[in-house]
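Beneath this line is the structure, given in structure tokens, with notes to follow.
To keep things simple, chains are lettered A, B, C, D, E and F as they appear, and every chain counts its residues starting from 1.
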Amino acid sequence: MRPSGRQISELRPVSIETGVMKHAEGSCLIRCGDTHVLCTATLEERVPPFLKNTGLGWVTAEYGMLPRATNTRMRREAKNGQSGRTQEIQRLIGRSLRAGIDRSALGERQISIDCDVIQADGGTRCASITGGWVALRLAVNKLMKAGDITSDPLTDHVAAVSCGVYAGQTILDLDYAEDSQAGTDANFVMTGSHGLIEIQGSAEGATFSRTQFDELMNLAEAGITQLVEAQKAAI
Amino acid sequence: MRPSGRQISELRPVSIETGVMKHAEGSCLIRCGDTHVLCTATLEERVPPFLKNTGLGWVTAEYGMLPRATNTRMRREAKNGQSGRTQEIQRLIGRSLRAGIDRSALGERQISIDCDVIQADGGTRCASITGGWVALRLAVNKLMKAGDITSDPLTDHVAAVSCGVYAGQTILDLDYAEDSQAGTDANFVMTGSHGLIEIQGSAEGATFSRTQFDELMNLAEAGITQLVEAQKAAI
Amino acid sequence: MRPSGRQISELRPVSIETGVMKHAEGSCLIRCGDTHVLCTATLEERVPPFLKNTGLGWVTAEYGMLPRATNTRMRREAKNGQSGRTQEIQRLIGRSLRAGIDRSALGERQISIDCDVIQADGGTRCASITGGWVALRLAVNKLMKAGDITSDPLTDHVAAVSCGVYAGQTILDLDYAEDSQAGTDANFVMTGSHGLIEIQGSAEGATFSRTQFDELMNLAEAGITQLVEAQKAAI
Amino acid sequence: MRPSGRQISELRPVSIETGVMKHAEGSCLIRCGDTHVLCTATLEERVPPFLKNTGLGWVTAEYGMLPRATNTRMRREAKNGQSGRTQEIQRLIGRSLRAGIDRSALGERQISIDCDVIQADGGTRCASITGGWVALRLAVNKLMKAGDITSDPLTDHVAAVSCGVYAGQTILDLDYAEDSQAGTDANFVMTGSHGLIEIQGSAEGATFSRTQFDELMNLAEAGITQLVEAQKAAI
Amino acid sequence: MRPSGRQISELRPVSIETGVMKHAEGSCLIRCGDTHVLCTATLEERVPPFLKNTGLGWVTAEYGMLPRATNTRMRREAKNGQSGRTQEIQRLIGRSLRAGIDRSALGERQISIDCDVIQADGGTRCASITGGWVALRLAVNKLMKAGDITSDPLTDHVAAVSCGVYAGQTILDLDYAEDSQAGTDANFVMTGSHGLIEIQGSAEGATFSRTQFDELMNLAEAGITQLVEAQKAAI
Amino acid sequence: MRPSGRQISELRPVSIETGVMKHAEGSCLIRCGDTHVLCTATLEERVPPFLKNTGLGWVTAEYGMLPRATNTRMRREAKNGQSGRTQEIQRLIGRSLRAGIDRSALGERQISIDCDVIQADGGTRCASITGGWVALRLAVNKLMKAGDITSDPLTDHVAAVSCGVYAGQTILDLDYAEDSQAGTDANFVMTGSHGLIEIQGSAEGATFSRTQFDELMNLAEAGITQLVEAQKAAI
């Protein structure tokens, strides 16, 4: 039934390759099917002005897409400024990752997560969160190994997956062909123990019902479990 | 228990005053407690380029806030450009209102909804959607009265309300004092018949559970019912 | 003779409603006929860098217009930046209000006046000055009541009115229909005792003579007297 | 009494050198004392969109200043965008020159006047108008010589001069040292026959009286007469 | 002698992997040591306005760098606009590739080359040109295979290499450690037959002599020969 | 053979007039045929942040062109921002002038060179460097005369000239008519003793050979010798 031929509750093949960037404190290339995102963590011993002398650290994120990551070339944002969509996504990534960190255990330092979409086939914001967490984990591991922090500030895994209503059917992990035809599109960000961090559900044509939304959340929980497994395997 | 002294499931007083702007095709001033938003609808007999010769109309929205709508004066966006938050909100308003309209019944014309926050006390995006729909309704009524369209393109009411987890308790319609302390904040956009258009739930500190989220949705459904009553009374 | 049916030297009905904004240190909604401007004063205990350690205060102003304040919707300046016209107007408002204040009696603090045009029907810059002064007055009263300053820094009222040559006749207080057809348009900013603060006269088609300009100034003086009465009544 | 040692009603030495730019359709270098402005006219056989098929032409102006035209180097506007002051000045120049032209005799073509301040010592906007008119005159002469237009669209000379109140005394043609100390600063734009095009008077500290303003206008009329003589001599 | 331990005339290991991007008409990942650049070619059946109806095609290029491609994270250009350096580089890439193409054989179509630096260790502009040519070659091959063009518009290979004076010694293909210490840095763009397309030599401290420059060009010719071999091997 | 009628190795007439700007610490108007550039030096007793407490000075440059310096009016960069070409040129001027200065002898101060093209006929960047050096020399002389520095920080003259291949022939100092038809265009920046500072050679159509490039450099050396003579004569 799905253009991808996948089962209703079947994730695309996920791979997370770590240590792909020479300079970054943490990095991975996450592949969810044909969606490929390069995630790097940059550690800096400073915080934004509003956090000075609070003892709290900060995690922030930026998101970008190579112009030809998509089927039709997009205009380069360096020439036009970041679109509203880009800003919305990077705010989501930052918010999601901060939900899984004890900022006082991190101390007054900042970790910047860059998520750059090399190739896009739907679900880039979710892949960015799942991969971004791995980069964050690696940078934090480095800090702990160096003895700069003693207790682990990461309280749980953070991962994200999209679900949707396609041809009247609730399905997991939409690729671009599915997403562009879906009646409803929902993104779920959860911890490894299925604590909810962020839910974004949106009707694209017809509205959706509470029952459908419940089914989407069931699918999401199953997907998150698998993505967290992939994160664990990668580290 | 609530700073506002309201019951857990109690909306702030809502008033919707229509016809407040001399020039606009539709307008209202919506007051949800101390949150006041001026909503206007502008009708234009043209559509964006991507809709030319499709027979389909368009509804779009823009959002703004007066610099001193808030307790501390904010920098004027005309001097600095729209923030990511502003863009995110106006995309949400437009998407929400489009979900309640039959764009082919509207025909090739565009209705622009401007939502300008005169005074802010939490929940400005929800008030903008609820009030924006009234402005839209009035502009469409004008079109129908003039005989420019024959069948009503508005398929149902559209309204929005926020809910949240405050001091461990799920509550309806957060004002600023509640919102700034809430552990979870969720916005629900629904039709008059409780069809879901948009759900945005976000953990601000601790994560939230499925059970809590279900309670939030119960509160939201009750709130939407009342807001739709206020819309009906206004028109 | 006038489209408005008014006498040559007749102001539009003026009303000034104070205390309309919950958060601002001073605020009013001024209505000059169908021109409605919301004016707020924001008090800050800091001055721009060039005034640090001088003992002098500062008054500044910003001006904006809601997109549908006018008959045809204007593009939102938050999306495009402030136009030259907007910048010119807000520089005029600030300059005018500073002419009526003893900046050393104010002390090292800044009052920002925001003038936002809710509805426009000609004469928005003049209404902004007249209403802006009321907001300023209220904020200064608050400072004095709190004992933060002892002598009143406001040296006199400041008000503004437009005059013009319409169909060969000099008239007072042009509305949009008159202004768009006027051969000459002049704005006068004066103190309560008719001290001149700013004169801006501009030929729109034919030039104007010294005699005509003298008549315009006579009209303006009469108009200012009435506007200052309205200011007094409001406070 | 004046820092410049000039009489109260004495202009600075004026020189207008024409034909200084190889490429422009009209050009001059106007020197008013140490204020030097290069003015060029560019003729284009097209009009802005709002004038298409109206039979009317257009005159527009742009203004700039070399970074080291002034005593302290200013930031280059190409790096920061045009300031409000620059936009205000170029709008004034364009408006002033349009007041002296019959746009239907010009026909559907546009003349752009560029006024670039090479060296500044007060009064740059006035020198730009006086010199800009000469560049305009030369470009129109070229059109007439070529037979492209038959009746002269220029209805009269246009020139401008500043006056002010300095040390309690009304004076003509302020240089920078005088302008920076003046209590009132006023710019007058007139035709050769003293028809008024634009008046801009501004109190810098104390307000000014009607009597003082009358004296300023007397000075201005005398100054304009001499500037128009200089324009005639140059062509 | 070299920090890299390489011989004076030794290139870094070069690898060019093609077909790395699903959507692009041509793509490769070029690795020159630790400098990795992703190059894509986008084919569009349109040309810039100035080429319409000329029968000529166009090749253009854009250049970017991931924020953490470098040792210290750089600010994202999407947030700040393209730097002068970025613009200079992308103009160079475009100019270089156009020098190797017969634009009339290409016909009225445009090929956009995007060069995105994934990891940087010196020589990114040269790697972009060498890799960009491969992406261009692949896109042109696709056009020819499809029969859209009949004669090959590519007249020769185009490749680029940097040389410099390091510790008084002329060396080939500087990496970052060498480049940051080099007294002179020169980039050479050549065809496969050593026709010169672009030379950019720059003294960083002391000036350089004609003799030194001749040695740099000898090194460059040898390097280009090897890079062209790598291009041939990749296709 | 040349459109200009000049010999192959003949410079355009060069004149350098100094002291042309009242306010600047150093200034000249350089004329290379019909290319006229106004160069000013601004001395400031501060350095950019990255040089604080290093004991080193800085020389920087900015470049601009009046809108009607060229045959067709160009858009004013103050309205659109600096083009890539402008930024590339001003980076080149700054780099070139810094190559001729001992920044530790200059001490912690900055000299900003502004090069503004009043009229353009090819070779504006070269004229800017040659004239910019004269402005720099004059500003440094002023510093030395005042006893602010004791040893001369200028190590040699710096001048620049363009050469090119026109109709198959190598020629010196291209004007616009020649430059727009040239097959190759090369700019050479050298010291008075022919030390090389910068070489930029670019094929515009056909590639160029090493032999041709050698001839261009011969021409350049002869041209630089004459330009340095003109600099000496001017000071």
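Following the convention adopted for this analysis, a contact is a pair of C-beta atoms (placed from the backbone, for glycine too) under 8 Å apart; a residue touches a chain by one contact, two chains touch by 3 or more.
All values reported here derive from a predicted model rather than from experimental measurement.
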Required minimum of steps from chain D to chain E, each step between chains that touch: 2
Third chains touching both chain D and chain C: none
Separation of mean Cα positions, chain D and chain B [Å, integer]: 51
Separation of mean Cα positions, chain E and chain A [Å, integer]: 33
Approximate Å spacing (C-alpha centroids) for the pair chain C, chain E: 59
Residues of chain A engaged with two or more neighbouring chains: 82
Successive chains along the ring, chain C then chain D then the rest: C, D, F, E, A, B
Chain A residues touching chain B - in the complex, by the definition given at the top: 82, 84-85, 87-88, 91, 95, 99, 186, 190-191, 194-203, 205-210, 213, 217
Of chain B, residues touching chain C in the complex: 21-24, 27, 34, 38, 40, 42, 44, 62, 64, 66-71, 73, 76-79, 81-82, 86, 112, 114, 116, 118-119, 121
